[in-house]
Amino acid sequence: MALQSGPVMSLDEVNAFLVRDFPQIAPGRDFIVEAVGPLSARMLLAASEKHLRPGGTISGPSMFALADVALYVAILAQIGPVALAVTTNLNINFLRRPAPGDLIAECRLLKLGKRLAVGEVSLFSPGDDDPVAHATGTYSIPPV
Amino acid sequence: MALQSGPVMSLDEVNAFLVRDFPQIAPGRDFIVEAVGPLSARMLLAASEKHLRPGGTISGPSMFALADVALYVAILAQIGPVALAVTTNLNINFLRRPAPGDLIAECRLLKLGKRLAVGEVSLFSPGDDDPVAHATGTYSIPPV
Amino acid sequence: MALQSGPVMSLDEVNAFLVRDFPQIAPGRDFIVEAVGPLSARMLLAASEKHLRPGGTISGPSMFALADVALYVAILAQIGPVALAVTTNLNINFLRRPAPGDLIAECRLLKLGKRLAVGEVSLFSPGDDDPVAHATGTYSIPPV
Amino acid sequence: MALQSGPVMSLDEVNAFLVRDFPQIAPGRDFIVEAVGPLSARMLLAASEKHLRPGGTISGPSMFALADVALYVAILAQIGPVALAVTTNLNINFLRRPAPGDLIAECRLLKLGKRLAVGEVSLFSPGDDDPVAHATGTYSIPPV
(Lines give C-alpha, C1' and ligand atoms only; values in the text may rest on other atoms or scores of the structure.)
Protein backbone atom coordinates (compact mmCIF):
# COMPACT_ATOMS: atom_id res chain seq x y z
CA MET A 1 0.00 0.00 0.00
CA ALA A 2 2.86 2.35 -0.85
CA LEU A 3 3.69 2.34 2.85
CA GLN A 4 0.84 4.74 3.58
CA SER A 5 3.01 7.52 2.29
CA GLY A 6 1.33 10.90 2.09
CA PRO A 7 -0.40 12.33 -0.95
CA VAL A 8 1.79 13.89 -3.63
CA MET A 9 -0.67 16.68 -4.43
CA SER A 10 -1.87 19.33 -2.03
CA LEU A 11 -5.49 20.33 -1.62
CA ASP A 12 -4.94 23.45 -3.72
CA GLU A 13 -3.21 21.49 -6.45
CA VAL A 14 -6.04 18.97 -6.64
CA ASN A 15 -8.70 21.64 -6.80
CA ALA A 16 -6.79 23.57 -9.45
CA PHE A 17 -6.36 20.41 -11.50
CA LEU A 18 -10.07 19.58 -11.31
CA VAL A 19 -11.19 23.06 -12.26
CA ARG A 20 -8.84 23.19 -15.24
CA ASP A 21 -9.20 19.66 -16.59
CA PHE A 22 -12.61 18.52 -15.40
CA PRO A 23 -14.91 21.48 -15.87
CA GLN A 24 -17.84 19.09 -16.00
CA ILE A 25 -17.38 18.01 -12.42
CA ALA A 26 -16.67 21.49 -11.15
CA PRO A 27 -19.14 23.71 -12.95
CA GLY A 28 -19.76 26.58 -10.60
CA ARG A 29 -17.88 24.54 -8.05
CA ASP A 30 -20.56 22.07 -7.01
CA PHE A 31 -17.99 19.41 -6.12
CA ILE A 32 -15.47 20.81 -3.67
CA VAL A 33 -12.45 18.94 -2.36
CA GLU A 34 -12.33 19.71 1.36
CA ALA A 35 -9.34 17.59 2.35
CA VAL A 36 -6.88 15.05 1.02
CA GLY A 37 -4.79 12.77 3.20
CA PRO A 38 -2.91 9.51 3.00
CA LEU A 39 -5.15 7.29 0.87
CA SER A 40 -8.16 9.44 1.70
CA ALA A 41 -10.21 12.42 0.60
CA ARG A 42 -13.20 14.39 1.81
CA MET A 43 -15.51 16.18 -0.60
CA LEU A 44 -18.59 18.33 -0.41
CA LEU A 45 -21.42 18.39 -2.91
CA ALA A 46 -23.00 21.81 -2.65
CA ALA A 47 -26.71 21.36 -3.27
CA SER A 48 -27.89 23.17 -6.38
CA GLU A 49 -31.00 22.82 -8.45
CA LYS A 50 -29.62 20.30 -10.90
CA HIS A 51 -28.61 17.83 -8.17
CA LEU A 52 -31.91 17.86 -6.33
CA ARG A 53 -34.99 15.73 -6.51
CA PRO A 54 -38.43 16.79 -5.31
CA GLY A 55 -38.15 17.46 -1.58
CA GLY A 56 -34.79 19.16 -1.94
CA THR A 57 -32.61 16.13 -1.30
CA ILE A 58 -29.64 15.18 -3.48
CA SER A 59 -30.65 12.69 -6.18
CA GLY A 60 -29.28 9.15 -6.55
CA PRO A 61 -27.25 9.93 -9.68
CA SER A 62 -25.68 12.92 -7.91
CA MET A 63 -24.78 10.71 -4.94
CA PHE A 64 -23.21 8.30 -7.42
CA ALA A 65 -21.28 11.19 -8.98
CA LEU A 66 -20.10 12.40 -5.57
CA ALA A 67 -18.86 8.94 -4.56
CA ASP A 68 -17.19 8.44 -7.92
CA VAL A 69 -15.36 11.76 -7.92
CA ALA A 70 -14.27 11.33 -4.28
CA LEU A 71 -12.60 8.08 -5.26
CA TYR A 72 -10.99 9.76 -8.23
CA VAL A 73 -9.68 12.61 -6.08
CA ALA A 74 -8.26 10.24 -3.45
CA ILE A 75 -6.35 8.37 -6.17
CA LEU A 76 -5.27 11.53 -7.96
CA ALA A 77 -3.93 13.14 -4.78
CA GLN A 78 -1.96 10.01 -3.99
CA ILE A 79 -0.38 9.24 -7.35
CA GLY A 80 -0.44 12.65 -9.01
CA PRO A 81 -1.98 13.83 -12.25
CA VAL A 82 0.06 11.40 -14.29
CA ALA A 83 -2.50 8.94 -15.48
CA LEU A 84 -6.04 8.89 -16.72
CA ALA A 85 -7.74 6.52 -14.34
CA VAL A 86 -11.24 5.31 -15.25
CA THR A 87 -14.00 3.80 -13.13
CA THR A 88 -14.53 0.13 -13.90
CA ASN A 89 -16.99 -0.77 -11.12
CA LEU A 90 -19.07 1.09 -8.59
CA ASN A 91 -21.45 -0.51 -6.11
CA ILE A 92 -23.66 1.81 -4.07
CA ASN A 93 -26.10 1.12 -1.25
CA PHE A 94 -28.67 3.79 -0.46
CA LEU A 95 -29.27 3.63 3.28
CA ARG A 96 -31.60 6.41 4.34
CA ARG A 97 -33.10 9.56 2.90
CA PRO A 98 -30.62 12.45 3.23
CA ALA A 99 -31.60 15.74 4.81
CA PRO A 100 -32.30 18.46 2.25
CA GLY A 101 -29.11 20.27 1.29
CA ASP A 102 -25.44 19.47 0.91
CA LEU A 103 -23.74 16.09 1.19
CA ILE A 104 -20.28 15.14 2.40
CA ALA A 105 -18.23 12.20 1.10
CA GLU A 106 -15.52 10.51 3.13
CA CYS A 107 -13.34 8.29 0.92
CA ARG A 108 -10.72 5.79 1.98
CA LEU A 109 -8.62 3.76 -0.44
CA LEU A 110 -8.50 0.05 0.40
CA LYS A 111 -5.93 -0.77 -2.25
CA LEU A 112 -3.73 1.29 -4.49
CA GLY A 113 -2.06 -1.10 -6.87
CA LYS A 114 -0.23 -0.55 -10.14
CA ARG A 115 -3.26 -1.47 -12.21
CA LEU A 116 -6.26 -1.21 -9.91
CA ALA A 117 -7.30 1.06 -7.06
CA VAL A 118 -10.22 0.15 -4.81
CA GLY A 119 -11.85 2.39 -2.25
CA GLU A 120 -14.93 2.91 -0.16
CA VAL A 121 -16.94 6.08 0.28
CA SER A 122 -19.48 7.00 2.94
CA LEU A 123 -21.91 9.84 2.23
CA PHE A 124 -23.31 11.94 5.05
CA SER A 125 -25.65 14.85 5.59
CA PRO A 126 -23.52 17.46 7.39
CA GLY A 127 -23.71 16.99 11.14
CA ASP A 128 -25.25 13.51 11.00
CA ASP A 129 -23.19 10.44 11.89
CA ASP A 130 -25.37 7.90 10.10
CA PRO A 131 -24.37 7.53 6.45
CA VAL A 132 -27.06 8.12 3.84
CA ALA A 133 -25.24 5.99 1.30
CA HIS A 134 -22.12 3.84 1.03
CA ALA A 135 -20.20 2.99 -2.12
CA THR A 136 -17.31 0.77 -3.10
CA GLY A 137 -15.55 1.36 -6.37
CA THR A 138 -12.66 0.30 -8.57
CA TYR A 139 -10.56 2.43 -10.88
CA SER A 140 -8.31 1.04 -13.56
CA ILE A 141 -4.98 2.83 -13.76
CA PRO A 142 -3.45 2.77 -17.23
CA PRO A 143 0.19 1.73 -17.70
CA VAL A 144 2.62 4.65 -17.58
CA MET B 1 -42.40 -14.86 -11.20
CA ALA B 2 -45.96 -13.66 -10.99
CA LEU B 3 -46.79 -15.95 -13.90
CA GLN B 4 -44.83 -13.72 -16.24
CA SER B 5 -48.04 -11.80 -16.74
CA GLY B 6 -47.82 -8.75 -18.95
CA PRO B 7 -47.27 -5.21 -17.76
CA VAL B 8 -50.28 -3.38 -16.35
CA MET B 9 -49.29 -0.02 -17.82
CA SER B 10 -48.92 0.76 -21.50
CA LEU B 11 -45.99 2.63 -22.97
CA ASP B 12 -48.06 5.80 -23.21
CA GLU B 13 -49.25 5.49 -19.62
CA VAL B 14 -45.71 5.05 -18.33
CA ASN B 15 -44.42 8.04 -20.26
CA ALA B 16 -47.32 10.20 -19.13
CA PHE B 17 -46.73 9.17 -15.52
CA LEU B 18 -43.03 9.99 -15.72
CA VAL B 19 -43.57 13.38 -17.31
CA ARG B 20 -46.19 14.34 -14.75
CA ASP B 21 -44.65 12.96 -11.57
CA PHE B 22 -40.94 12.84 -12.28
CA PRO B 23 -40.13 16.05 -14.11
CA GLN B 24 -36.55 15.71 -12.94
CA ILE B 25 -35.97 12.57 -14.96
CA ALA B 26 -37.81 13.85 -17.99
CA PRO B 27 -36.77 17.47 -18.32
CA GLY B 28 -37.00 18.18 -22.01
CA ARG B 29 -37.48 14.46 -22.44
CA ASP B 30 -33.91 13.25 -22.14
CA PHE B 31 -35.00 9.87 -20.79
CA ILE B 32 -37.47 8.27 -23.17
CA VAL B 33 -39.25 4.98 -22.57
CA GLU B 34 -39.12 3.15 -25.87
CA ALA B 35 -40.82 -0.10 -24.91
CA VAL B 36 -42.21 -1.97 -21.94
CA GLY B 37 -42.85 -5.71 -21.88
CA PRO B 38 -43.28 -8.54 -19.42
CA LEU B 39 -40.66 -7.81 -16.74
CA SER B 40 -38.69 -5.66 -19.16
CA ALA B 41 -38.21 -2.15 -20.47
CA ARG B 42 -36.12 -0.36 -23.08
CA MET B 43 -35.11 3.27 -22.66
CA LEU B 44 -33.17 5.86 -24.60
CA LEU B 45 -31.02 8.59 -23.14
CA ALA B 46 -30.94 11.37 -25.70
CA ALA B 47 -27.51 12.96 -25.49
CA SER B 48 -27.65 16.57 -24.42
CA GLU B 49 -25.00 18.88 -23.06
CA LYS B 50 -25.60 18.12 -19.40
CA HIS B 51 -25.11 14.38 -19.82
CA LEU B 52 -21.86 14.59 -21.76
CA ARG B 53 -18.24 14.53 -20.75
CA PRO B 54 -15.40 15.90 -22.85
CA GLY B 55 -15.35 13.90 -26.08
CA GLY B 56 -19.12 13.91 -26.37
CA THR B 57 -19.78 10.60 -24.66
CA ILE B 58 -22.39 10.09 -21.95
CA SER B 59 -20.89 10.49 -18.46
CA GLY B 60 -20.76 7.80 -15.78
CA PRO B 61 -23.37 9.43 -13.56
CA SER B 62 -25.73 9.72 -16.52
CA MET B 63 -25.20 6.03 -17.32
CA PHE B 64 -26.01 5.31 -13.68
CA ALA B 65 -29.16 7.44 -13.97
CA LEU B 66 -30.21 5.66 -17.18
CA ALA B 67 -29.78 2.20 -15.63
CA ASP B 68 -31.59 3.28 -12.48
CA VAL B 69 -34.58 4.77 -14.27
CA ALA B 70 -34.83 1.79 -16.65
CA LEU B 71 -35.19 -0.47 -13.62
CA TYR B 72 -37.76 1.84 -12.13
CA VAL B 73 -39.76 1.89 -15.36
CA ALA B 74 -39.70 -1.89 -15.72
CA ILE B 75 -41.07 -2.24 -12.17
CA LEU B 76 -43.60 0.55 -12.59
CA ALA B 77 -44.97 -0.88 -15.82
CA GLN B 78 -45.37 -4.28 -14.21
CA ILE B 79 -47.00 -3.35 -10.92
CA GLY B 80 -48.57 0.00 -11.75
CA PRO B 81 -48.14 3.42 -10.19
CA VAL B 82 -49.28 2.18 -6.80
CA ALA B 83 -46.13 2.31 -4.77
CA LEU B 84 -43.13 4.52 -4.30
CA ALA B 85 -40.28 2.14 -4.92
CA VAL B 86 -36.78 3.30 -4.00
CA THR B 87 -33.37 2.08 -5.12
CA THR B 88 -31.51 0.30 -2.33
CA ASN B 89 -28.52 -1.02 -4.28
CA LEU B 90 -27.01 -0.50 -7.68
CA ASN B 91 -23.85 -2.14 -8.97
CA ILE B 92 -22.49 -0.96 -12.31
CA ASN B 93 -19.59 -2.18 -14.44
CA PHE B 94 -18.22 0.17 -17.06
CA LEU B 95 -17.06 -2.02 -19.94
CA ARG B 96 -15.91 0.16 -22.82
CA ARG B 97 -16.06 3.76 -23.90
CA PRO B 98 -19.39 4.50 -25.57
CA ALA B 99 -19.61 6.13 -28.96
CA PRO B 100 -20.47 9.83 -28.78
CA GLY B 101 -24.23 10.35 -28.68
CA ASP B 102 -27.28 8.56 -27.36
CA LEU B 103 -27.39 5.43 -25.23
CA ILE B 104 -29.95 2.63 -25.05
CA ALA B 105 -30.80 0.65 -21.92
CA GLU B 106 -32.26 -2.85 -22.03
CA CYS B 107 -33.66 -3.85 -18.63
CA ARG B 108 -34.85 -7.26 -17.51
CA LEU B 109 -36.29 -7.97 -14.07
CA LEU B 110 -34.78 -11.04 -12.41
CA LYS B 111 -37.15 -11.00 -9.47
CA LEU B 112 -40.33 -9.11 -8.70
CA GLY B 113 -41.23 -9.92 -5.11
CA LYS B 114 -43.59 -8.28 -2.67
CA ARG B 115 -40.78 -6.38 -0.95
CA LEU B 116 -37.83 -6.41 -3.34
CA ALA B 117 -37.39 -6.22 -7.08
CA VAL B 118 -34.06 -7.06 -8.70
CA GLY B 119 -33.10 -6.48 -12.31
CA GLU B 120 -30.23 -6.17 -14.70
CA VAL B 121 -29.62 -3.50 -17.31
CA SER B 122 -27.31 -3.50 -20.31
CA LEU B 123 -26.37 -0.17 -21.88
CA PHE B 124 -25.52 0.07 -25.56
CA SER B 125 -24.51 2.63 -28.11
CA PRO B 126 -27.21 2.41 -30.80
CA GLY B 127 -26.28 -0.15 -33.45
CA ASP B 128 -23.53 -1.78 -31.41
CA ASP B 129 -24.00 -5.24 -29.89
CA ASP B 130 -21.28 -4.94 -27.25
CA PRO B 131 -22.59 -3.34 -24.07
CA VAL B 132 -20.78 -0.21 -22.83
CA ALA B 133 -21.95 -0.83 -19.26
CA HIS B 134 -23.94 -3.37 -17.27
CA ALA B 135 -25.79 -2.77 -14.03
CA THR B 136 -27.66 -4.83 -11.48
CA GLY B 137 -29.98 -3.11 -9.05
CA THR B 138 -32.48 -3.64 -6.27
CA TYR B 139 -35.58 -1.62 -5.50
CA SER B 140 -37.45 -1.80 -2.22
CA ILE B 141 -41.21 -1.83 -2.68
CA PRO B 142 -43.09 -0.33 0.27
CA PRO B 143 -46.03 -2.17 1.80
CA VAL B 144 -49.37 -1.29 0.23
CA MET C 1 -30.05 3.62 13.85
CA ALA C 2 -31.78 2.35 16.99
CA LEU C 3 -29.77 4.92 18.94
CA GLN C 4 -26.67 2.78 18.67
CA SER C 5 -28.02 0.75 21.56
CA GLY C 6 -25.96 -2.24 22.53
CA PRO C 7 -26.43 -5.78 21.28
CA VAL C 8 -29.16 -7.85 22.92
CA MET C 9 -27.17 -11.08 22.79
CA SER C 10 -23.86 -11.69 24.52
CA LEU C 11 -20.89 -13.30 22.85
CA ASP C 12 -21.62 -16.60 24.58
CA GLU C 13 -25.27 -16.51 23.56
CA VAL C 14 -24.40 -15.86 19.93
CA ASN C 15 -21.87 -18.67 19.83
CA ALA C 16 -24.27 -21.08 21.52
CA PHE C 17 -27.00 -20.14 19.04
CA LEU C 18 -24.72 -20.69 16.06
CA VAL C 19 -23.46 -24.05 17.28
CA ARG C 20 -26.98 -25.29 17.95
CA ASP C 21 -28.84 -23.92 14.96
CA PHE C 22 -26.19 -23.53 12.31
CA PRO C 23 -24.01 -26.60 12.50
CA GLN C 24 -22.99 -26.04 8.90
CA ILE C 25 -21.20 -22.82 9.70
CA ALA C 26 -19.67 -24.11 12.88
CA PRO C 27 -18.54 -27.63 12.09
CA GLY C 28 -15.56 -28.20 14.29
CA ARG C 29 -15.74 -24.52 15.11
CA ASP C 30 -14.11 -23.08 12.00
CA PHE C 31 -16.07 -19.84 12.29
CA ILE C 32 -15.58 -18.33 15.72
CA VAL C 33 -17.31 -15.19 16.96
CA GLU C 34 -14.61 -13.23 18.78
CA ALA C 35 -16.60 -10.15 19.75
CA VAL C 36 -19.96 -8.47 19.32
CA GLY C 37 -20.61 -4.80 19.97
CA PRO C 38 -23.05 -2.09 19.04
CA LEU C 39 -23.79 -2.74 15.36
CA SER C 40 -20.55 -4.66 15.01
CA ALA C 41 -18.97 -8.09 15.20
CA ARG C 42 -15.52 -9.63 14.85
CA MET C 43 -15.04 -13.20 13.66
CA LEU C 44 -12.17 -15.57 13.06
CA LEU C 45 -12.00 -18.20 10.36
CA ALA C 46 -9.64 -20.88 11.61
CA ALA C 47 -7.81 -22.23 8.59
CA SER C 48 -8.53 -25.88 7.98
CA GLU C 49 -7.99 -28.04 4.94
CA LYS C 50 -11.42 -27.48 3.43
CA HIS C 51 -11.06 -23.69 3.38
CA LEU C 52 -7.64 -23.59 1.76
CA ARG C 53 -6.48 -23.31 -1.80
CA PRO C 54 -3.07 -24.43 -3.03
CA GLY C 55 -0.50 -22.32 -1.20
CA GLY C 56 -2.37 -22.56 2.10
CA THR C 57 -4.36 -19.37 1.80
CA ILE C 58 -8.09 -19.15 2.47
CA SER C 59 -10.11 -19.58 -0.73
CA GLY C 60 -12.43 -16.99 -2.26
CA PRO C 61 -15.63 -18.88 -1.39
CA SER C 62 -14.46 -19.20 2.22
CA MET C 63 -13.77 -15.45 2.35
CA PHE C 64 -17.28 -14.94 1.03
CA ALA C 65 -18.63 -17.26 3.73
CA LEU C 66 -16.69 -15.44 6.43
CA ALA C 67 -17.98 -12.03 5.35
CA ASP C 68 -21.52 -13.34 5.04
CA VAL C 69 -21.59 -14.97 8.47
CA ALA C 70 -19.97 -11.92 10.12
CA LEU C 71 -22.83 -9.81 8.80
CA TYR C 72 -25.34 -12.35 10.02
CA VAL C 73 -23.77 -12.42 13.47
CA ALA C 74 -23.71 -8.62 13.77
CA ILE C 75 -27.43 -8.51 12.93
CA LEU C 76 -28.29 -11.46 15.16
CA ALA C 77 -26.48 -10.00 18.16
CA GLN C 78 -28.26 -6.70 17.70
CA ILE C 79 -31.84 -7.86 17.17
CA GLY C 80 -31.79 -11.28 18.83
CA PRO C 81 -32.60 -14.71 17.47
CA VAL C 82 -36.13 -13.71 16.57
CA ALA C 83 -36.10 -13.73 12.83
CA LEU C 84 -34.65 -15.69 9.98
CA ALA C 85 -32.69 -13.10 8.07
CA VAL C 86 -31.43 -14.03 4.60
CA THR C 87 -28.69 -12.55 2.44
CA THR C 88 -30.08 -10.75 -0.58
CA ASN C 89 -26.90 -9.15 -1.92
CA LEU C 90 -23.21 -9.43 -1.29
CA ASN C 91 -20.51 -7.53 -3.12
CA ILE C 92 -16.90 -8.49 -2.44
CA ASN C 93 -13.61 -7.00 -3.60
CA PHE C 94 -10.50 -9.15 -3.35
CA LEU C 95 -7.63 -6.78 -2.63
CA ARG C 96 -4.46 -8.76 -2.04
CA ARG C 97 -3.39 -12.33 -1.47
CA PRO C 98 -3.83 -13.25 2.21
CA ALA C 99 -1.01 -14.75 4.23
CA PRO C 100 -1.38 -18.50 4.72
CA GLY C 101 -3.52 -19.30 7.75
CA ASP C 102 -6.44 -17.76 9.60
CA LEU C 103 -8.48 -14.73 8.63
CA ILE C 104 -10.24 -12.12 10.74
CA ALA C 105 -13.45 -10.31 9.77
CA GLU C 106 -14.41 -6.92 11.16
CA CYS C 107 -18.08 -6.16 10.47
CA ARG C 108 -19.89 -2.88 10.95
CA LEU C 109 -23.60 -2.39 10.25
CA LEU C 110 -24.36 0.70 8.18
CA LYS C 111 -28.11 0.38 8.51
CA LEU C 112 -30.38 -1.75 10.62
CA GLY C 113 -33.90 -1.13 9.41
CA LYS C 114 -37.12 -3.04 9.91
CA ARG C 115 -36.85 -4.79 6.56
CA LEU C 116 -33.24 -4.46 5.47
CA ALA C 117 -29.87 -4.48 7.19
CA VAL C 118 -26.73 -3.36 5.35
CA GLY C 119 -23.19 -3.73 6.56
CA GLU C 120 -19.58 -3.74 5.50
CA VAL C 121 -16.90 -6.28 6.36
CA SER C 122 -13.12 -6.00 6.11
CA LEU C 123 -11.07 -9.20 6.09
CA PHE C 124 -7.53 -9.24 7.45
CA SER C 125 -4.68 -11.64 7.95
CA PRO C 126 -3.97 -11.51 11.69
CA GLY C 127 -1.45 -8.78 12.49
CA ASP C 128 -1.72 -7.06 9.12
CA ASP C 129 -3.48 -3.70 8.79
CA ASP C 130 -4.12 -3.90 5.05
CA PRO C 131 -7.37 -5.70 4.30
CA VAL C 132 -7.19 -8.73 1.99
CA ALA C 133 -10.83 -8.33 1.00
CA HIS C 134 -13.76 -6.01 1.62
CA ALA C 135 -17.43 -6.86 1.33
CA THR C 136 -20.73 -5.02 1.51
CA GLY C 137 -23.91 -6.99 2.02
CA THR C 138 -27.64 -6.75 2.56
CA TYR C 139 -29.86 -9.00 4.62
CA SER C 140 -33.63 -9.07 4.33
CA ILE C 141 -35.34 -9.29 7.72
CA PRO C 142 -38.71 -11.03 7.58
CA PRO C 143 -41.77 -9.43 9.21
CA VAL C 144 -42.27 -10.49 12.83
CA MET D 1 -14.58 -8.36 -28.00
CA ALA D 2 -12.13 -10.42 -30.03
CA LEU D 3 -14.75 -10.59 -32.77
CA GLN D 4 -16.73 -13.16 -30.83
CA SER D 5 -14.29 -15.75 -32.06
CA GLY D 6 -14.77 -19.20 -30.64
CA PRO D 7 -13.09 -20.63 -27.56
CA VAL D 8 -9.55 -21.92 -27.96
CA MET D 9 -10.05 -24.85 -25.57
CA SER D 10 -12.54 -27.66 -26.02
CA LEU D 11 -14.82 -28.91 -23.28
CA ASP D 12 -12.56 -31.92 -22.70
CA GLU D 13 -9.47 -29.74 -22.53
CA VAL D 14 -11.05 -27.41 -19.98
CA ASN D 15 -12.21 -30.27 -17.79
CA ALA D 16 -8.80 -31.97 -17.96
CA PHE D 17 -7.10 -28.69 -17.04
CA LEU D 18 -9.37 -28.15 -14.06
CA VAL D 19 -8.96 -31.67 -12.74
CA ARG D 20 -5.20 -31.50 -13.03
CA ASP D 21 -4.51 -27.98 -11.84
CA PHE D 22 -7.48 -27.14 -9.63
CA PRO D 23 -8.18 -30.23 -7.56
CA GLN D 24 -9.84 -28.05 -4.98
CA ILE D 25 -12.65 -27.08 -7.31
CA ALA D 26 -13.06 -30.56 -8.75
CA PRO D 27 -12.74 -32.89 -5.79
CA GLY D 28 -14.88 -35.84 -6.70
CA ARG D 29 -16.10 -33.75 -9.59
CA ASP D 30 -18.60 -31.51 -7.84
CA PHE D 31 -18.09 -28.72 -10.35
CA ILE D 32 -18.63 -30.03 -13.86
CA VAL D 33 -18.16 -27.99 -17.03
CA GLU D 34 -21.11 -28.90 -19.24
CA ALA D 35 -20.42 -26.62 -22.19
CA VAL D 36 -18.14 -23.88 -23.40
CA GLY D 37 -18.94 -21.52 -26.26
CA PRO D 38 -17.96 -18.15 -27.60
CA LEU D 39 -17.59 -16.00 -24.47
CA SER D 40 -19.79 -18.40 -22.52
CA ALA D 41 -19.82 -21.46 -20.31
CA ARG D 42 -22.35 -23.69 -18.60
CA MET D 43 -21.50 -25.53 -15.39
CA LEU D 44 -23.22 -27.92 -13.02
CA LEU D 45 -22.72 -28.07 -9.29
CA ALA D 46 -23.58 -31.62 -8.24
CA ALA D 47 -25.15 -31.40 -4.80
CA SER D 48 -23.10 -33.17 -2.16
CA GLU D 49 -23.15 -32.95 1.60
CA LYS D 50 -20.53 -30.26 1.91
CA HIS D 51 -22.39 -27.83 -0.37
CA LEU D 52 -25.76 -28.15 1.34
CA ARG D 53 -27.46 -26.24 4.07
CA PRO D 54 -30.29 -27.60 6.21
CA GLY D 55 -33.17 -28.37 3.87
CA GLY D 56 -30.89 -29.80 1.22
CA THR D 57 -30.44 -26.66 -0.83
CA ILE D 58 -27.05 -25.41 -2.03
CA SER D 59 -25.54 -22.90 0.39
CA GLY D 60 -24.73 -19.27 -0.39
CA PRO D 61 -20.95 -19.78 -0.37
CA SER D 62 -21.33 -22.71 -2.76
CA MET D 63 -23.45 -20.56 -5.08
CA PHE D 64 -20.69 -17.96 -4.91
CA ALA D 65 -18.12 -20.64 -5.74
CA LEU D 66 -20.20 -21.89 -8.67
CA ALA D 67 -20.59 -18.40 -10.14
CA ASP D 68 -16.91 -17.66 -9.63
CA VAL D 69 -15.67 -20.84 -11.28
CA ALA D 70 -18.12 -20.47 -14.18
CA LEU D 71 -16.60 -17.08 -14.91
CA TYR D 72 -13.13 -18.53 -14.64
CA VAL D 73 -13.98 -21.35 -17.03
CA ALA D 74 -15.54 -19.00 -19.59
CA ILE D 75 -12.36 -16.90 -19.58
CA LEU D 76 -10.05 -19.90 -19.59
CA ALA D 77 -11.83 -21.52 -22.53
CA GLN D 78 -11.61 -18.29 -24.49
CA ILE D 79 -8.00 -17.29 -23.91
CA GLY D 80 -6.41 -20.64 -23.06
CA PRO D 81 -4.48 -21.80 -20.02
CA VAL D 82 -1.85 -19.14 -20.49
CA ALA D 83 -2.45 -16.86 -17.59
CA LEU D 84 -3.39 -17.00 -13.96
CA ALA D 85 -6.48 -14.84 -13.79
CA VAL D 86 -7.75 -13.85 -10.35
CA THR D 87 -11.15 -12.61 -9.20
CA THR D 88 -11.09 -8.97 -8.19
CA ASN D 89 -14.80 -8.34 -7.66
CA LEU D 90 -17.93 -10.43 -7.42
CA ASN D 91 -21.41 -9.10 -6.77
CA ILE D 92 -24.17 -11.63 -6.18
CA ASN D 93 -27.92 -11.24 -5.71
CA PHE D 94 -29.82 -14.10 -4.11
CA LEU D 95 -33.25 -14.12 -5.70
CA ARG D 96 -35.23 -17.11 -4.45
CA ARG D 97 -34.66 -20.30 -2.54
CA PRO D 98 -33.34 -23.00 -4.87
CA ALA D 99 -34.97 -26.42 -5.06
CA PRO D 100 -33.04 -29.09 -3.17
CA GLY D 101 -30.33 -30.63 -5.33
CA ASP D 102 -28.02 -29.56 -8.14
CA LEU D 103 -27.56 -26.09 -9.57
CA ILE D 104 -26.71 -24.94 -13.08
CA ALA D 105 -24.69 -21.83 -13.94
CA GLU D 106 -24.99 -20.02 -17.25
CA CYS D 107 -22.11 -17.59 -17.74
CA ARG D 108 -21.73 -14.94 -20.41
CA LEU D 109 -18.70 -12.68 -20.74
CA LEU D 110 -19.58 -9.00 -21.18
CA LYS D 111 -16.02 -7.90 -21.77
CA LEU D 112 -12.78 -9.73 -22.44
CA GLY D 113 -10.05 -7.14 -22.39
CA LYS D 114 -6.29 -7.42 -22.11
CA ARG D 115 -6.32 -6.65 -18.40
CA LEU D 116 -9.87 -7.20 -17.21
CA ALA D 117 -12.65 -9.65 -18.01
CA VAL D 118 -16.21 -9.03 -16.84
CA GLY D 119 -19.08 -11.46 -17.00
CA GLU D 120 -22.48 -12.28 -15.63
CA VAL D 121 -23.74 -15.60 -14.34
CA SER D 122 -27.29 -16.78 -13.75
CA LEU D 123 -27.84 -19.76 -11.45
CA PHE D 124 -30.82 -22.06 -11.93
CA SER D 125 -32.34 -25.14 -10.40
CA PRO D 126 -32.47 -27.66 -13.27
CA GLY D 127 -35.73 -27.35 -15.19
CA ASP D 128 -36.70 -23.99 -13.71
CA ASP D 129 -36.52 -20.81 -15.79
CA ASP D 130 -36.42 -18.37 -12.89
CA PRO D 131 -32.87 -17.79 -11.67
CA VAL D 132 -32.16 -18.48 -8.00
CA ALA D 133 -29.19 -16.12 -8.02
CA HIS D 134 -27.40 -13.74 -10.36
CA ALA D 135 -23.78 -12.66 -10.17
CA THR D 136 -21.52 -10.21 -11.94
CA GLY D 137 -17.79 -10.55 -11.60
CA THR D 138 -14.44 -9.20 -12.72
CA TYR D 139 -11.20 -11.10 -13.25
CA SER D 140 -7.84 -9.45 -13.55
CA ILE D 141 -5.69 -10.99 -16.28
CA PRO D 142 -1.97 -10.71 -15.62
CA PRO D 143 0.37 -9.41 -18.33
CA VAL D 144 1.78 -12.14 -20.55
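By letter and in written order, the chains are A, B, C and D; residue numbering begins at 1 in each of them.
Quick note on the criterion: a residue touches a chain if its C-beta (ideal position, glycine included) is under 8 Å from a C-beta of that chain, and two chains touch if they have at least 3 such contacts.
Worth saying up front: this structure is predicted, and the values here are computed from it rather than measured.
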Reference chain D; chain at largest CA-centroid distance: A
Interface with more contacting C-beta pairs, comparing A-C to A-B: A-B
Chain centre separation in whole Å, for chain D relative to chain A (CA means): 33
For chain A paired with chain B, centre-to-centre distance based on mean C-alpha positions, whole Å: 24
Between chain C and chain A, distance of the C-alpha-averaged centres to the nearest whole Å: 28
Per-residue overlap in chain A, given as positions that touch at least 2 other chains: 88-89, 91, 93, 118, 138
Chain D residues within the chain B interface of the complex: 1, 91, 93, 95-96, 110-111, 118, 120, 122, 130-131, 134, 136, 138
Complex contact set, residues of chain A against chain B: 24, 50, 52-54, 59-62, 64-65, 68, 86-94
Residue ranges of chain D in contact with chain A within the complex: 88-89, 91, 115-116, 118, 138, 140
